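Chains: A, B, C and D, in written order; residue numbering restarts at 1 for each.
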Amino acid sequence: MPEEKTDRLTPARLEAFSDGVIAVIITIMVLELHVPGKEIATLAALRLDLPLVLVYLLSFIQTGIYWVNHHYLIDDLDQVTHGILWSNLALLFALSLIPVATNWVGVRGISPSSIALYAALCAFPALPWMVLSTLIQRRSKTPPASGIVKQAASVCLYLGSIVVAFLSPWIAIAMIALVAVVWLLPPRKIVELSRNSSHPPL
Amino acid sequence: MPEEKTDRLTPARLEAFSDGVIAVIITIMVLELHVPGKEIATLAALRLDLPLVLVYLLSFIQTGIYWVNHHYLIDDLDQVTHGILWSNLALLFALSLIPVATNWVGVRGISPSSIALYAALCAFPALPWMVLSTLIQRRSKTPPASGIVKQAASVCLYLGSIVVAFLSPWIAIAMIALVAVVWLLPPRKIVELSRNSSHPPL
Amino acid sequence: MPEEKTDRLTPARLEAFSDGVIAVIITIMVLELHVPGKEIATLAALRLDLPLVLVYLLSFIQTGIYWVNHHYLIDDLDQVTHGILWSNLALLFALSLIPVATNWVGVRGISPSSIALYAALCAFPALPWMVLSTLIQRRSKTPPASGIVKQAASVCLYLGSIVVAFLSPWIAIAMIALVAVVWLLPPRKIVELSRNSSHPPL
Amino acid sequence: MPEEKTDRLTPARLEAFSDGVIAVIITIMVLELHVPGKEIATLAALRLDLPLVLVYLLSFIQTGIYWVNHHYLIDDLDQVTHGILWSNLALLFALSLIPVATNWVGVRGISPSSIALYAALCAFPALPWMVLSTLIQRRSKTPPASGIVKQAASVCLYLGSIVVAFLSPWIAIAMIALVAVVWLLPPRKIVELSRNSSHPPL
């Protein structure tokens, strides 16, 4: 019987594996946080480490954003095709470079070139994300995702911050932080859900 | 049909992702355990490492406490709102700093400033925890959690140990260990369950 | 209604979290494998690393044994009590020291004291294991586990190898390897299952 | 009742644990990516790191291929025997050496001996894979897997690249990349599924 021949590589399993990879990515970044040696006083060490903690927090939020949006994307999926499978793995590969970018900033400090590289590696997952979301939306009958404007704005901010980093790394960091703020706002789907709900929306 | 439009970001998935992150956090702490070089005799090396092993054990128990209580918290949840989602991620971020704090003590030794920082980073997850538990309890009709007294006591002990660390790091460690003991006692829910049960309660 | 008050911290969730922790433990051991610098020729480097690879393989098998037996243990469980919960976490803590023990041998080489420590940390998880299996079997009506003889033999071999390590580290390693061989033999439950099965038992 | 005696170590759980291990393997490779110190300019550092990034990408794809094929393999499985259990763990052990091989190339550079070792460690998982797939196919009534030709070709390419590495490491890398390309092509099962589907096959 054809119904019996269920393929185990279901959207649920793809999501579970992606969750596992993202859980590792979001957590190993912490290992990159440099602990200064005994020769530096604690307060001085903390002041030196503060920018790295901020960059780490930024990386954490951005990985979190990808995780949240990944759920809404997979939500519309009925079957995992070969293209969806591999563009999803490409997305995970791109995301796994974010700890490397964070570590790069940690080791080499906040400089024009290190922040430009950080911005470039933050922009990189957007590429497989677009392929993946296109492939998934082609299969579903739902209209284009509501987040399409946000996605375009994010990519513009990322690409812009690569250039701006050479003028001022801190303005480039602010632009990447702006992407985080944009996505931290609730997506339309959640807004609609909470509008129909009698519970306070947060 | 509205029933069909199930959102995949269910409490179960939020819990599974949180479990994944906490599993990584609780395990990578072990990597921080410093293995001394060949020039030190094994027994001398073990004696030097013992305080760090104790701090590591303390970090393990505290992460375990957060994991256990997180389950009871999510248990009351019917739907994941935007605020719950992001306060949960903030909690995971705060928890991921515990290995950093443990590593800090490992690299810099048990000193007033290192233990004060350790106590501060142990207290930090309490902040997103309170936001998260408030948001979840507002949705559920159940009365405030039975652990509310314990939570307040824990935060007082944590904050107190930050100050005490500058007088005596070991008393501060004892205060943090006391938090562990308080939470290792069974919560009321488990007590009630085992009261109705004919099995020995351990 | 009491049926509705399902506790999310079910045996299935305890098992999933334990699986996550063990998956991380079994994999991070690989990171400890020391890659020699360019100044040593590849073949010479491989010959130097071979004992460590063997110890790593031994650690992998032992963690695998604990994982497999943990499943059979949890299989008999109907409800997670406070004691089961924390003895399970104690078991995970003890298991997370196996990568440390492996790393210790990797950094300090195969010597009487390093192998004695390795044997001691291999024996350590047996303690929470016994507590956990006692608590679980007290709840279930099934007779004592068939593996009880194997468990006693393993602990004897572990404890014996701590002493033997000071006479000959390689004989101690052979004794720990013997524990692996003992457990790699199929447990009675599987034997019974395959006896009723028409498929070849391998 | 025999139906009640369900064994928790089901194919689903074996798959979930394997997924967890592979998720950690595929992600920790990123930690091996060497971040050069401040004394090297960013562009020069990037040019030096590029070959390692390519090798890392290759390792990522190969681990991804094993993950995908593992799902199709487990899909045919009805019960986990002792042999399947341990050949699956042997496969995970072999896979966990891929980050070590990648790190070896990262530390020692692209040389005949480092690439020969890399190729050998890429070929190694093929051994437990064949044992595992033989054991699983013996249980299922389905005809031999369609990927059997690909598997033989891959092993030939791997083993060949060990030898070729001593003549030209880059040709050996190209041969390993060819294995990736071969497996990136959709397997027959997916092709058949998409042939029956009215959706575009990507």
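The rule we apply is simple: a contact is a pair of C-beta atoms (placed from the backbone, for glycine too) under 8 Å apart; a residue touches a chain by one contact, two chains touch by 3 or more.
Note that the coordinates shown come from a computational prediction; the quantities given were computed from them, not determined experimentally.
Ranked by how far their CA centres sit from the centre of chain A, the chains are topped by C. As for how the two copies chain A and chain D face one another, under half of their interface residue numbers coincide. Annotation: 36 Å between the Cα-based centres of chain B and chain D. Chain B and chain C have centres, each the mean of its CA atoms, that are 25 Å apart. Of all residues in chain D, those that touch two or more other chains are 16, 20, 23-24, 28, 31. Against chain C, the residues of chain D that register as touching in their complex are 7-9, 13, 16-17, 20-21, 23-25, 28, 31, 79, 81-86, 89, 92-93, 96-97, 99-100, 103-104, 107-109, 111, 113-114, 116-117, 135, 138-139. Residues 15-16, 19-20, 22-24, 26-31, 33, 35-38, 41-43, 46, 57, 60-61, 64, 67-68, 71-72, 74-75, 184, 186, 189-190, 193-194, 197, 199-202 of chain A are the ones touching chain B in the complex.
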